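Labels A, B, C, D, E and F are assigned to the chains in the order they are written; within every chain, residues are numbered from 1.
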């Protein structure tokens, strides 16, 4: 899965518009229209790259004569001081696009780099690290792509493409087994049904329905996770969720769960330190 | 400055669309259309509130019969376990809007709370803490509002509403003093001109022009900041910038600068831990 | 799954704009602004109703003082001469909205009514009747809803929410089993994988992968369908597809397949004969 | 009248977005980004072509390096098994655009082919076959173009560009002649006024006004149509309307009317059977 | 023909967005959110009113609790010092909307008032004063409405709703009569055909076609206009055009032409002097 | 400051859409798709050019194979009969774009030419001529650019980018000096504060605050302007405003004010007489 061009363009257009609703007064004041510049996207700390296409679209959206040369591919690991991409063209345009390009790519590299640390932590287990819907509003496609660049997996894209039945959904249902069966009978056969469970006792009703493709064990202790995995015994995929951190994820992974979802991959990301070294000529 | 309703609506509409391009299959499967719910926005850690209007718009955008009661105002300090707002109405709609509302408000409270820590750190000095253009693409208006809720000040909104001449802009200008004078002669009289300076030696050329309303001292040592403030001597406002953290901001403030800009207020925010406790009835 | 209000509004707004880019010259010429009318949505042939919300949005989009009373619910069967809904308000507005409302609802009732005939034809078998992506561009959500009103089921919504690997996708893959396994390893666990198969011999490679949630048997003879169902033996769901008509669907259903997809449900629909009887007063 | 490029692009963009809100997971999973394909648009039944530009826009909208060669022009008659167009380029993109391109062009060819049958049926008479506003919401420009490709004529485009006064409009008007005269005095001189008449007795009042450029005889018997044509005697153009089918249109045409409007040209179209034969290389 | 609400809303929304891309800093700084104000739309010179709905939409678009009371109707004549409308509500909102409301309504009143002077100048003749496509881009519907308020008539709305064949269109046509006949045979019967003629000698070819509903005599002398009217002799409507001013229009009207088109009605309008007298309480 | 390409494109797209919602029937009827034409933008009166980029975008927006050669630059003075630009390409497209291109460029040249007259009138004084927010809704960026082409200066762009405190804002403020100080303390340091003053007596309170970057003397007599300038004595910039015309602006300029704002630059502009001489070949 790569990003769709038009998804990137929509985000970039909105960002450029937000950052210059009526032009870049500084560049237009100090740079003659014909001045050119070269710029290098340089790393100031090590990490995982994500956002090659986003960088290119951001630098060229205002003026398609800008030339971008990518020196790194999404998913590549980089060191401090590495040049990730090179840009040539109108100084005005490069200076105007700089901040938007950096704001997006720094965030994406931040997500990819953080994800990679979680993925490394579960190495050797069967567990996948998956993202959540705790993404930045408007940037979901980009952040999910960054998770993949970091070696993570995506969970469902949205409320529309899979069922995730949580306690609130099930609160007033008198017969959970019957309700899940009915859901499976009504929904498209392509719609995966995942059910969140808070306590081990709820497992039987869910398993009896035969409807749950995945069961999420929410905020379970390590012992309960192990019991849950054993009880489910392959009758559904198993997702662990709830406050799992870099310190605890390895233990969770060793309980035998299939997925571990981590909201922190996207909800509180530190932007990676990248800079755009510009030489106006 | 409060947020404009239509700015909020644009962000919320986009976010809801992104999170449910073709409906919330879970709620529609398990919640009868007539089921109602009440929900409380509850804090799981202390902080500063920001985003009252955003929360209200997010909860009501899909269905204007949803009733939101705000119990806290933007800028208020809250404790763990406090109820910030109450929501009543269709269970389907509340469940569908929950994630978008939380994603936005948690981020805004994160910005406000972090800003407040920086503001406290400079208490007793003349220095204002100001934000930067390192905001999340698409969310600038919301994040700037959150900075104000935390007691911070805003810098220019965008590339359009003030001049900020940086090294790249000035790189090929033969006579900086003349260029700044010309800029002042050409630009609207309402356009504030700020000039970034990397070394003390650049100050005279800038001051001679009489054009700079503010001079930004970028990555200066504490000693150089003090010298810079003394040299400028009220002929322009003084902004300190460049990698200033919670640990160093107090010292910087005591050099006598007028503003300290902190990209970290918005570029790497930890979302505050808030939850929506929903009771389906 | 019901329709989302904003999905309906987008379609209706576009349709009204298309049908009156600069106003309804006739109504504005002949109807005083204050003239009111009542209108009844009347059936001219029997069928299944679909589009209650669409009708209401279409009649009220230009003027929210128009009052719509729905007398039938989506999915209800109706006879010739039945009044499905009643409208009261400005004559100008009702006359302007009439055609758009009818164009949409007649089509939706056409889909629902045709679907019901297919569904009746497979009664007593395990087979579901499902739709395809052969919907009218722009009206997919409405037509899928109409399929559900007629008792049919939906297939995947779009290219984004499930995998459907067809011959063209698989054409150049050297090792199909390995490719499917890799796909399953890479994709979100919520993404259902369906594989289209043209000949019985392809089944083993697909089944061996353990990746296919559904296997589509495309243009199979009845005998081959039976053999396919027996071979798959519950290891995947089975969909029959390819030129299946009202005349042949019952036989296909009796082969034991789980789903029968029918493009004709939406790609060549006869609009049902409904009228809007308007009394200008 | 050909279609405007931007009209086509708007329809196609919307359709592609609807069909892949967050990418084509199948193509991206199974097709390497560099795989190319060739595709042929092949006919599976005879008909009249319509939609050359639409096909080209649909195939190139996602990626302008896709090359489309059109082998047939709009309005051309084709046989079964004929290649109408050829496409070369990225396999991913062709596979993603395939369904949208077919959904639109099959419908347009369906309209053109059906129209041609009506047009042939009135050959040798003065009567034109004209379309109505019973088009698919969102696709009016495309369907009207298809009507022209089939040899038919267009009626007014919308409620905005001509007057069509129907019984409902005229219901409460005390003096029809005076009202029509006033309308003619008020409206732009370029606005054609057509008046719908249900009974022969209404003709005099309409003719007396001198305002009606066209009179529509709605649901008239053949005898009444003949009488109507004779009464009007060239003082206005004459349109026959109301439930006219392929079986009855020749008789109606022979009554001497100028136009026969047929809602069925667009409201219940059977999509023509076209396929895209793709060879991934 | 009145204005459509959604046409007005589109113009107003765009204008408000343009005038406050990120809020009204002045009102938000100096007006507490709860301060209310009353405002009166007052005339500073006499004229004809146009734009009642536009004023109301502009004042309420940001906040639908603003109350607007209209004291004058479109088309009414007003004196200096007259109060045309009254507004009550949030001071912030009224101050923010003031300029946009005035910019639009002053222009519309300017158009209406100027039109009325042209209309008065042709009183007693058969000639109508009609507008042209020389309207302000984006404001056509509003300016055409203002022309009607001033007693003028509208010409075609756009390039789409009527034919106007000018010298450039006809430049390379070998047989004008045949070309016009073919056009009439091809175009919808509702499409009015107007042909522009530069010299009397061109008239016969146009009249022979029987296709021209209107003939425009462009830049004719008064004598030639009279000859033209006599030659045409009712076989087509006659429009005079080309540099006609308030000084010359009466003479032109007396030549017997049916319409006189005046670009100056909209292309160079003096905004009428209106003010909004606001009392903040 | 030049215009941003996307600002121009938005205006032009909207204008073309407004002028041809469903195509140019005339060009499509009379011009074969392959006919080409050349066109010259010719002046019919002397003036100042503004709108080079706008003309180019308008002529090429429908078809990027149209070739535009600009022979004059923005800000250049031209005579009657001068060719400003040359266009080559599809006759249909040039004819369709003609009116929109002229409507925009004639208006822009009108603004530039009028501005130049005001600027000449104040030659030899320190006073700048500045525009106001009395621009045509939707065309602000274009009209402000035209003002600059005519040698004028821009005032603030919008309500968002600078404070302008008027009598209505200050009406209910008990202590003006304190309120202005508070505003300065709260607003971004880049936000210029301008205060409108109606009487000399108000000056002290404003000056005492130290917050006003500019003081606007509204509707002052020449004597009071002189007194005002003397009183302010360089403590703020001084703007004169209110009904200043070409006849009075020289005297006002000689009072020593820094800026004179003139609403008439944009609110009541006479479109300059330009034509597009088209040769269809």
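What we mean here is this: contacts are C-beta pairs under 8 Å (C-beta built on N, C-alpha and C of every residue); 3 or more make two chains touch, one makes a residue touch a chain.
As the structure is a computational prediction, the values presented were derived from the model and not from experiment.
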- Note on the structure: So the chain most remote from chain D by C-alpha centre is B
- Note on the structure: In terms of CA centroids, furthest away from chain F sits chain C
- Task: Give the pair among A-C, A-B or C-E whose set of contact pairs overlaps with that of B-F by over half, matching residues by number.
- Result: A-C
- Round to the nearest whole Å and give the separation of the Cα centres of chain B and chain E. 45
- Note on the structure: CA centroids of chain C and chain D: separation to the nearest Å works out as 23
- Please report how many Å separate the Cα centroid of chain D from that of chain E, as a whole number. 32
- Query: Of all residues in chain B, which are in touch with two or more distinct other chains?
  - Reply: 20-23, 25, 29, 157-158, 160-162, 186, 191
- If each chain is a dot and touching chains are joined, what shape do you get: line, ring, star, complete or other? complete
- Note on the structure: Residue positions on chain E within touch of chain A in the complex are 21-22
- Task: Over in the complex, which chain B residues touch chain F? Could you list them?
- Result: 128, 130, 153-157, 160-162, 186, 188-192, 194, 213-214, 237, 239, 258-259
- Any idea which chain F residues touch chain E in the complex? 11, 14-15, 18-27, 29-31, 35, 37, 91, 95-96, 99-100, 102-104, 106-107, 110, 133-140, 158-166, 168-173, 179, 183, 186-187, 191, 267-271, 278-281
- Item | List of chain F residues in touch with chain A within their complex | 1-7, 141, 157-158
- Note: in the complex, chain F contacts chain D through residues 17, 20, 22-23, 25, 28-29, 33, 62-63
